[in-house]
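The structures come next, written out as structure tokens.
You will see chain A twice below: alongside chain B first, and alongside chain C after that.
This part shows the complex of A and B:
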């Protein structure tokens, strides 16, 4: 799965989790750009990403990330590794 | 001669920060030394807030600000001069008890609901509604759903706690050890981010100690209102959560405050599913219902506090003192109950129920003559009071002699 595909799948999972409708999610997207993606729903999004990609996110790292792009890079790293 | 200005302390954060600023301001040992200024991170900045003055931050000796993963640091942080001390405290939330929290797209700001009707949405309820389940059936379907089909509770708990610890590390005080050791036995939150005063006081102690460079004096670990929630929205827990975490403070049939109502989980989830507006406010019925729940749980201290507070909010309503007298009687505190009823009669001389209840209490203690007088008072206020008439006959049939206990009264 290449980065574009990962990004598209990550966007789909985020949209489904927060039920924000067909909003564009790009590498530059931040939580605050997406309705429903607040600090309280963040953990649920991370869980859905774990389920969707079959990975376990290291919380120490994931909590320091700022953009969807950084999140996708981490997922790619975990999938490769 | 004017006193020299006190060092300024800027407290920045959400409503928890607002409470912290108010509490610091009310503590003489803090207020004597510092001028406390609050700045909200969620409301529009007032045009007259001192932070709008150039050089304001340089006039502060301390900036206290709230940290949280996924939240930006204060917008003014880069302008805080190096000589200004910073104290960071963690944002309080507890996601693990409300794993299905979600923003409900139906929730929008309305004139009477600045945060919307239901700012705490629930993904399971939303999913059931999508499946066409009618709101009336939602509570049962909700309670019957195994949460593990929605979320892996074990992993969610692990992630939630990891996030709390992360927040602690971004702060100058750690709250997670307290949360982990206490959340099963005490109510620390009423919703995912509405803490009770039990946990807020921990934050106050930590911040005040950092500010004063010593532990603050006084203030109990668990204040009288420890189980009260900051804010007026509580969200009932899924029964599986109560069982999973073995929460000793939650119980079946428990009622939760939501705006002006005090609802069971069933009532809440049905109202939320239907998106029924529940007005804001604290009507007398809400106070009475909350006191009743506390009394039913044998929590006399809370019931007493709620009724006295309610009585000061609504001085014209006699039912609070009447109920207080009744629960004191039920707990065998007869002299206290008598005092409450006598005080209540003085405050509400037209309320027939009060001399009636005091009359029953006196009769219970074999003060038949006084009881009879009180039942007569009741009947003067309410000639149709059947029970007073019946009790009057009972009192008249009792011997007039005073019991031995009267001597020690």
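This part shows the complex of A and C:
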């Protein structure tokens, strides 16, 4: 799965988890840009990403993420292995 | 180094002794717990868990490091009676600096540390009003913030001190007299930074509260508290820092940011350290139910009380939590409720341990139309009310009408509190103090009723919104939104939307604007969010920008928060019904 596919799938999971409706999720998107994406729903998103991609997100890395792009890069790194 | 005379261990217990429960001594001031001779240096105060590491903090560490801070504050000219604001990350330095300021005779106060997402310019400048009110004293933070402080607050009246330097100070200081009636510390209410009120609490009030609460909880030497709560919040500060300190009940402390991302950490800590007491806001019970994986190997059998506090508690929340974690040892009688506030140090009422909190089925029509709690008939619509328990020994609770006259049992009115652990006042806000505190009664602004000696909290008189245990006033948020360029001044509302699935309220801002282009609206929405995050530490659920005339007014011409929220929710439901087929 390339980065574009990862981004697309990540965007789908975010939208479904926070139920924000049909908003575009890009690499530059921050949590603040998406309706309902707060610290609590963030945890739900991370769980869905872990299940969806079959990975385990390390907490110390997750706490420093700023954008969806950084999140996608981390997922790609973990999937590569 | 001489021991401070006023803090000698020779002082006799003044309140109901915590020692009665076997949990420890009852000291004359908070500091006696630190400098009294009864304590062994090796006794464990706290297991501090952060970033996968465990640091054991013993009373000897507390004494030594607090003295370093006391030395550092005194060497830098902090005088007795001055306020020391502490703006540090979650770390053991919070304990040391807080107690060190007290040892130096100063008045410490924790403030939330800015997150990486908060705009530093907005964050620091939003403190201007609060710092000006404090007038003189010190601000303790890290060296890395000094440039931002000088840039964004050029006229700062406080001395800025760096905590890194304190660690290099000798553990010696000049003892200052500290009397039981002196202000021990300030608890700053949550909400808009500049408008936070400093709740002033005396040593005597804190010790009375702790002794009374320890007795109510039947605290014993075998108890162990587990917490992820931040220390700038009264539940974290009192229940999970000062109560453990004074009663010698070991506490296991986690980082709030780490807990939110990985809630299972709390259960891991309970299992490992055999935790027995845990205070949580209502939303946290839901967060745990939603995020702890079914595969997690849990053992919560050591717990004897999960205390729901700091936002409206719901019977449904308890049912959900028991159903989800019964297999790990959670029982309904372990789920307790506490009604608490900074103005009484902490707890006002607490449900009796070891029995489930009482829930009443009320006649909903009588409750709404006559503001009275009558039991429901079989046929009548019902409304449930969850007890918050009985008042702590030494506190009196009464329900009053709009003229502050007492109401009989089962009648809903404002909750008023009197007793020997009330606050001394709001720091340098005498008019605000007089408005809330009269004839020894503190008028809470909360609504409720008494029945069979138990208090039921049913709502609020004012426009308070509680989000994840933190308090925000709608009018304060609206004031901030009105200052954002592009919003029509006076044309916005801040509304609280209770979401059952998270067990808490979310805030929706609805503001009118002339901006039409999508990019302009996007930027305006961001500016509103960034302002609220930086100035109030608040992440809102949504900022809904509307055209002029969208907002609904009441018949008296005011913008209606309730009606506008309903209008927003209808629009939201419509938007969510659209297919999500975007990248």
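One rule holds in what follows: the second predicted complex is superposed on the first by the 81 of 81 C-alpha atoms of A that agree within 3 Å, B and C clash if a C-alpha of one lies under 4 Å from a C-alpha of the other, contacts with A are read in each partner's own complex, and residues count from 1 in each chain.
Methods note: contacts are C-beta pairs under 8 Å (C-beta built on N, C-alpha and C of every residue); 3 or more make two chains touch, one makes a residue touch a chain.
Remember, predicted model here, so these are calculated numbers, not experimental data.
K.L.:
Just checking: does A:15 make contact with chain B only, chain C only, both, or neither of them? Give me first, second, both or neither.
P.N.:
second
K.L.:
Can you tell me whether chain B or chain C touches more residues on chain A?
P.N.:
C
K.L.:
Output check: A:25 vs chain B and chain C. Expected answer is one of first, second, both, neither. What do you get?
P.N.:
second
K.L.:
In the superposed arrangement, which partner chain does A:59 touch: chain B (first), chain C (second), both, or neither?
P.N.:
In the superposed model, A:59 contacts both chain B and chain C.
K.L.:
Would you sort A:7 into first (chain B), second (chain C), both or neither based on which partner it touches?
P.N.:
A:7 sits against chain C, while chain B stays out of touch.
K.L.:
So, does A:36 touch the first partner chain B, the second partner chain C, both, or neither?
P.N.:
It touches chain B and chain C both.
K.L.:
With the two structures laid over each other on chain A, which partner does A:47 touch: chain B (first), chain C (second), both, or neither?
P.N.:
After superposition on chain A, A:47 lies in contact with both partners, chain B and chain C.
K.L.:
Taking the contacts chain A makes with chain B in one complex and with chain C in the other, which residues are shared?
P.N.:
Shared contact residues on chain A (touching chain B in one complex, chain C in the other): 19, 21, 35-36, 38-40, 42-44, 46-47, 59-60, 63.
K.L.:
Give every residue of chain B touching chain A within the complex, in rising order.
P.N.:
Within the complex, chain B touches chain A at residues 68-71, 91, 93, 95, 99, 101-103, 105, 123, 126, 151-152, 155-156, 159-160, 162-163, 166, 192-193.
K.L.:
Provide the residue numbers of chain A that touch chain B in the complex, in ascending order.
P.N.:
Its residues touching chain B are 17-21, 31, 35-36, 38-44, 46-47, 50-51, 59-60, 63.
K.L.:
Can you list the chain C residues touching chain A in their complex?
P.N.:
It comes out as residues 51-52, 116-117, 257-258, 260-263, 283, 287, 290-291, 293, 468, 502, 506, 526, 529-530, 533, 539, 541-542, 575-576, 578-583.
K.L.:
Contact residues on chain A for chain C in the complex?
P.N.:
7-8, 11-12, 15-16, 19, 21-26, 30, 32-33, 35-36, 38-40, 42-44, 46-47, 59-60, 62-64, 66
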